[in-house]
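Here's a structure for you.
Each chain gets a letter, A, B, C, D and E, in the order it is written, and its residues are counted from 1.
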Amino acid sequence: MENNLENTTNNNKINIEYSQFDSERMRLNAGPQHPSTHGVLRLEVELDGEIVTDIIPHLGYLHRCFEKHCENSNYNQIVPFVDRLDYVSAINNEFPYVMAVEKLAGIEVSEKVQILRAMCAEINRIANHLLAISAFGLDSGAFTPLLFLFREREFALGILEKLSGARLLYNYFCPGGVRYEIYSDFKKDVKVFIDSVRLAMKEMEDLLIFNDIFIKRTEKIGLLPKEVAINFACSGPVARGSGINFDIRKSAPYSSYDKFDFDIPVVEPGKEVVGVSGDCWSRNWVRVKEIEESCKILEQGITLLPDEGSVTDGIPKKLKVPAGEVYCKAENTKGELGFYLVSNGSDKPERVRARATSFVNLAILPSISKGYMFADLIMILGSIDIVLGEVDR
Amino acid sequence: MGLLNALDNPINADGIILGKVEDLFNWGRAKSNWFLQFGLACCAIEFMAVNASHFDLMRFGNIPRSSPRQADYIVISGTVTLKMAERIKILFEQIPEPRYAISMGSCANSGGPYWQHGYNVLKGIDRVIPIDVYIPGCPPRPEAFEQAVLKLQEKISMEEIFKKRERVAQEDKMLESMLKAEENNFIENVNKHI
Amino acid sequence: MTIQEIYDLLKIHFNDDIKEITDISNGDSFITVNPANIFDILQFCRDYETLDFDYLTLISGMDSGENLGVVYHLYSMKFKHSIVIKAFVPKESPNIQSVVYLWRAADWHEREAFDLIGVVFDGHPNLIRILCPYDWEGHPLRKDYVTPQEYHGMKVPY
Amino acid sequence: MINYLKNIIKGFSTILVGMKVTFINLFRPNVTVQYPNVHPLVRAGSDKMPDNARNKLNVIIPKCTGCKSCEKACPVNCITIETTKVASIDTEKPLMEDGKKRVFWLSQFDIDFAKCCFCGLCTIACPTSAIVHSTDFEYSCYDRNELLVHFSPFNKEQVAEKKRILAEEVKQKAEKALADKQAAEKAAQEQNITDSKIKSSDDQTSANQNIQNNSN
Amino acid sequence: MENHQFLFNFISEYTGDILAGVLIAIIPLALLLVYALVAIYGELKIASFIQLKLGPMRTGKWGLLQPVAEVFKLLQKEDITPDGADKPLFNLAPFIIFLGCYAALSVLPLSSHFAPSGLNIGLFFIIAISSLAVLGIVMGGWASNNKYSLIGAMRSVSQIISYEIPAAMCILGVASMAHSLDMNVISAQQQGGFWNWYVLGGPAGISKIWLIPFTVVMFIVYFVTSLAETNRTPFDVPEGESELVAGYHTEYSGMKFAFFYLAEYGNMFVVSAIMTVIFFGGWSSPFGDFLNSPIWQIFWFIAKSMFFVGLQIWLRWTLPRTRVDQLMYLCWKILLPLSMVCFLAMALGGMLY
């Protein structure tokens, strides 16, 4: 496995016969405090001049003992901790956990709640991709796209704040339904939000995505072949950027996703817009396209969402979860997020294990960024789009 | 705060600005407080939102600096784990002297939601570095952060630079007198025994 | 293929190593396996053409009272079916064979299971702690774990 | 040679397109909300802070019955409540907000906002909605102990006094109970004395009757 | 051109030559410091308006006193010299960079009646001085004993030195058309309206139409090299914010960092001033003789330079950063051949007219 990765032919990777030189390698710490490590991740990098020869990621700087807390709190009290896993897309974290508890407890959720949950998840997905693309642009040095896309993100946070009361960590879903009712002009806000996001993304493609300097910085860099992606169990935009057609909303439709018709942007090896399938640019391109798909879902959601019927009365007063275990997964913004829930009948779960997507996707970093330059390593890390709360749990 | 207001709108201070040199220095430090670009967890995302165009932190003169040498204050935005605590201590010590620290969010204040079973979480950053302003909230609203920046500016503008030297000098004198007193009675004991 | 068919298939190939299948009405049923040759069973699951579990979703360690459990969640991209395999290891000698050479994703999962639960994976390239600090004593997710009073001069409890 | 020139042209044109975008944005109105001058509650349109925003918690003491369900529901255990029973002999006849008789005094109701994670589970669990989210979010402070907010209306002495009354009442009840017990015993003794007398008188009467019967 | 010594002769009657020299030298220093404050304020405000935010608003009326506040704050900061650093190099580096930028101001003709030193080989002096900044950057990067600043310093050496060659080509192109290296003479030749400017082929009559495409391309090449010379986006690779933390001035704090900060803006002004002198007619007004008095000439010179500084700031907040090897590819494979072709054409033009 290791060797067939090395000789991937690609003109951009600088293959130097190291035996000729006896240049001394420099060990550099892209330490926990580095402007573009997306949080507290330490990369111990071995540099030969500018070229990266070895990387050892050191994690655990944000290990907040999530699983220990889950064993000591009851099912409703775990939802705030689940929010804080991938704090950029908090509602998408709650989705699989809440479905897992409902499956164990055998609670049926009304039609309206399912559509509302799908819509909130899509708003949160757009907000996360806006941040992912702008952080990726920031790594390449373009500071303005970050602020344009944050302006759209404020709309998304505004809608979710009116729904749930909090801007970033919502604690909005709960087993059996949703905590608060939908406020009156929710549909109008979503409509305004979709139009402004589409306008902003159009502008973003001119400013950053198709900018020649940005393309030169990202195409043919950090090549992730398809089989290696499957072997590393990558999922989400990282996998779809390498041509794997794997999206849980389509492969195992949960909640009300079978009612929406949308397609999954995948960069097949043959059909690429720019660059090669599996490089940084195509991973970013999948995110840009997914914003468009989420807008489509939201539009259909506005028509599908029934006005009458309440979303909060399905919540059981006393949550009774019989013994058993379940693994429930959903398409989080970073990929497949799943919760392995083992309950022993009491009100506290015996074991909650989160399959964090960033933790799994980050594992490919050492093997795909050898041989590139140090500036490319920062771009590859930006394209994988990790959030340290989820990596370290 | 005399100079602070007068200097900010010199027009209605009818042109003449009265104030001590100390106020001028404090005004300079308060109004151009550069922060270290350093985020830990969820509060860092809210901290980025404060820097964005909607709640523009640059209105208060705070510019992000990526190297601790050029920063004035550090914002601990997120959960401090034990593995990270030593690094934050080193970071804070690298910031040149007139430095401040803001603890943002419940996790930095006291370990927040992770105070009970978080074996790897440091229960509050004030165990490692001195904190000037605590911001409650999880994460705090961007306006709450801006209010904290204003409170930090108030605290800076009330600092005393020159009297501090006198006070420190007084403390040193008191310390010496105490040490001398100890020596005397130590010598007396020795004499008594001989 | 449903989990019952997979169980029968495995039973044919590894008759006594596959212990039993416990099906759970409101969740996923799992197959308990003898940890001695977990590597062959999982390799069979990956390479057999009708199973083709090429996507290792998750490896999680569990402290179920008297012995430690290691749970493997596998998924197949082609056939879109998934399976749960459990192996119980005694607490005194928590050794089990590592599957890093089957799926590269297992590398970090196993390091985390070792770090938090204390299951030792033989044959793992560098089995060191991944989340807790490198000089941390004890395995935090064990039932009988007591948080240390002090670490590097910092008081741990509130 | 051709794609060399095409490369230059493409590079140059995309830079100009990017500059066009920023030039347009140079003249767009800014979206900044000037916080200190414009408070989030009074802002217009979508910038206004919604009224269900989860900021600092506020406890309405008259509504609170002291049932501690919020303390149990909190995932972070940052609420500590201590209640003392209302002594019946207490001079002050406390009433709940809705007129019912108060059963518990809230001698201590502290919320530690340094630990609270503002999830709102307590406001959902509270039966009488005594604990709600206020719209106050500007309470950052220089010292962490200010974040431990005491909502109970009693200071130390009043709590001690309430406890003393309660203890006194308990003592009185104990005495009364004692007195009752003794009275009950006395009564019981008299009772059985009288019973024995009655019995004895019954006996006599029955005996008399027997004698009479016998004599008949 | 005798009268550009006008001020010097006027002062030297009263105070003798040495003191007059010192007094004259103070004028560009004052210009540089005032310009730096304006440029810092301009950068913050232009960046904020591009990003639809307000920028500094609370210090002074519209944040006007923000640079003043920054200077006062930087005065009080503790001047840290890391123990691993070798002290002399570390402490000297900022002053050498500032020297490189301040010395170049001495040859720039502010108006026909005043040029700080009026050297007759002005352009040659400019090329020599601009490589002094590289020395300062390397000293700073190497002396601060920090891996990031070392990488930043190595990158900046390769970048600035390799970009000096296309820059020299452009300057020589104009010098060959103007038949002189003296910047005052070059500015004087471009008088009489913007059609005489060298960017549009120089002072010759209508027959110079064939020169215009070459001079315009030469101007664009020079603008790109000026960006690389001052480490501005898209070439701020040495102090790439997101890669090398803060590049070569990672370890500098307090007043030493203030000098780096000042020198960066100073270099921007120097480079755009050179651009105005050789391509856009220095102090000559674009409307021929109208508004061409010495005082107005100073205004035109500063207005044109500030326009180019604004252009550089605008570019900084638009473009991402290139990688180091793409930077080199751009310089050696694209800018150098282009500048050679244009230099050939301009030299031909110089011979004909």
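Simple rule for what comes next: a residue touches a chain if its C-beta (ideal position, glycine included) is under 8 Å from a C-beta of that chain, and two chains touch if they have at least 3 such contacts.
Since this is a predicted model, take the numbers as computed values, not measurements.
Peer 1: I need the common contact partners of chain A and chain B, sorted by label.
Peer 2: Common contact partners of chain A and chain B, which must touch each of the two, are C, D, E.
Peer 1: Looking at the contacts, which chains touch chain D and chain E alike?
Peer 2: A, B
Peer 1: With contacts counted as defined, which of the two, B-C or B-D, has more C-beta pairs across the interface?
Peer 2: Ranking B-C and B-D by C-beta contacts puts B-D first.
Peer 1: Find the most central chain, measuring centrality by the gap between its CA centroid and the centroid of all protein CA atoms shown.
Peer 2: The most central chain here turns out to be A.
Peer 1: Which chain's centre, taken as the mean of its Cα atoms, is farthest from the centre of chain C?
Peer 2: With centres defined by C-alpha atoms, farthest from chain C sits E.
Peer 1: Between chain A and chain D, what's the gap in Å when you average each chain's C-alpha atoms?
Peer 2: Using C-alpha averages as centres, the distance is 39 Å.
Peer 1: Can you check how far apart chain C and chain D are, centre to centre, with Cα atoms defining each centre and the answer in Å?
Peer 2: So the centroids are 44 Å from each other.
Peer 1: Can you list the chain B residues in contact with two or more other chains?
Peer 2: Only 52-54, 56, 59, 66, 83, 110-111, 113, 115-116, 119-120, 138, 141 qualify.
Peer 1: Give me the residue numbers in chain E that touch at least two other chains, ranges are fine.
Peer 2: If we look for residues of chain E contacting two or more partner chains, we find 48, 50-54, 57, 241, 245, 317-319.
Peer 1: Two or more other chains in contact with one residue: find those residues in chain A.
Peer 2: Only 35, 60, 63, 65, 68, 80-81, 144, 147-148, 151, 154, 169, 207-208, 211, 213, 392 qualify.
Peer 1: Provide the full list of chain pairs in touch.
Peer 2: A-B, A-C, A-D, A-E, B-C, B-D, B-E, D-E
Peer 1: If we count contacts the way the header does, which residues on chain A are in touch with chain C in the complex?
Peer 2: 1, 59-60, 63, 65, 67-68, 71, 103-106, 228, 230-233, 244, 246, 251-252, 322, 324-327, 329, 336, 338, 340-342, 350-351, 353, 355, 359-360, 363, 367, 392-393
Peer 1: Touching residues of chain A toward chain E in the complex: what are they?
Peer 2: Answer in residue numbers: 26, 28, 34-36, 47, 50, 137-144, 147-148, 151, 207-208, 211, 213-214, 216-217, 373-376, 378.
Peer 1: Quick check: in the complex, which residue numbers of chain D touch chain A?
Peer 2: Against chain A, chain D makes touches at 10-11, 14-15, 17-18, 20-22, 25, 31, 46-47, 49-50, 52-54, 73-75, 117-121, 124, 133.
Peer 1: Under the definition above, what is the set of chain B residues touching chain D in their complex?
Peer 2: 53-56, 59, 106, 109-113, 115-116, 124, 126, 131-138, 140-144, 146-148, 150-151, 155
Peer 1: Can you list the residues on chain B that touch chain C in the complex?
Peer 2: Within the complex, chain B touches chain C at residues 82-83, 85-86, 110-111, 115-116, 119-120, 122-123, 127-128.
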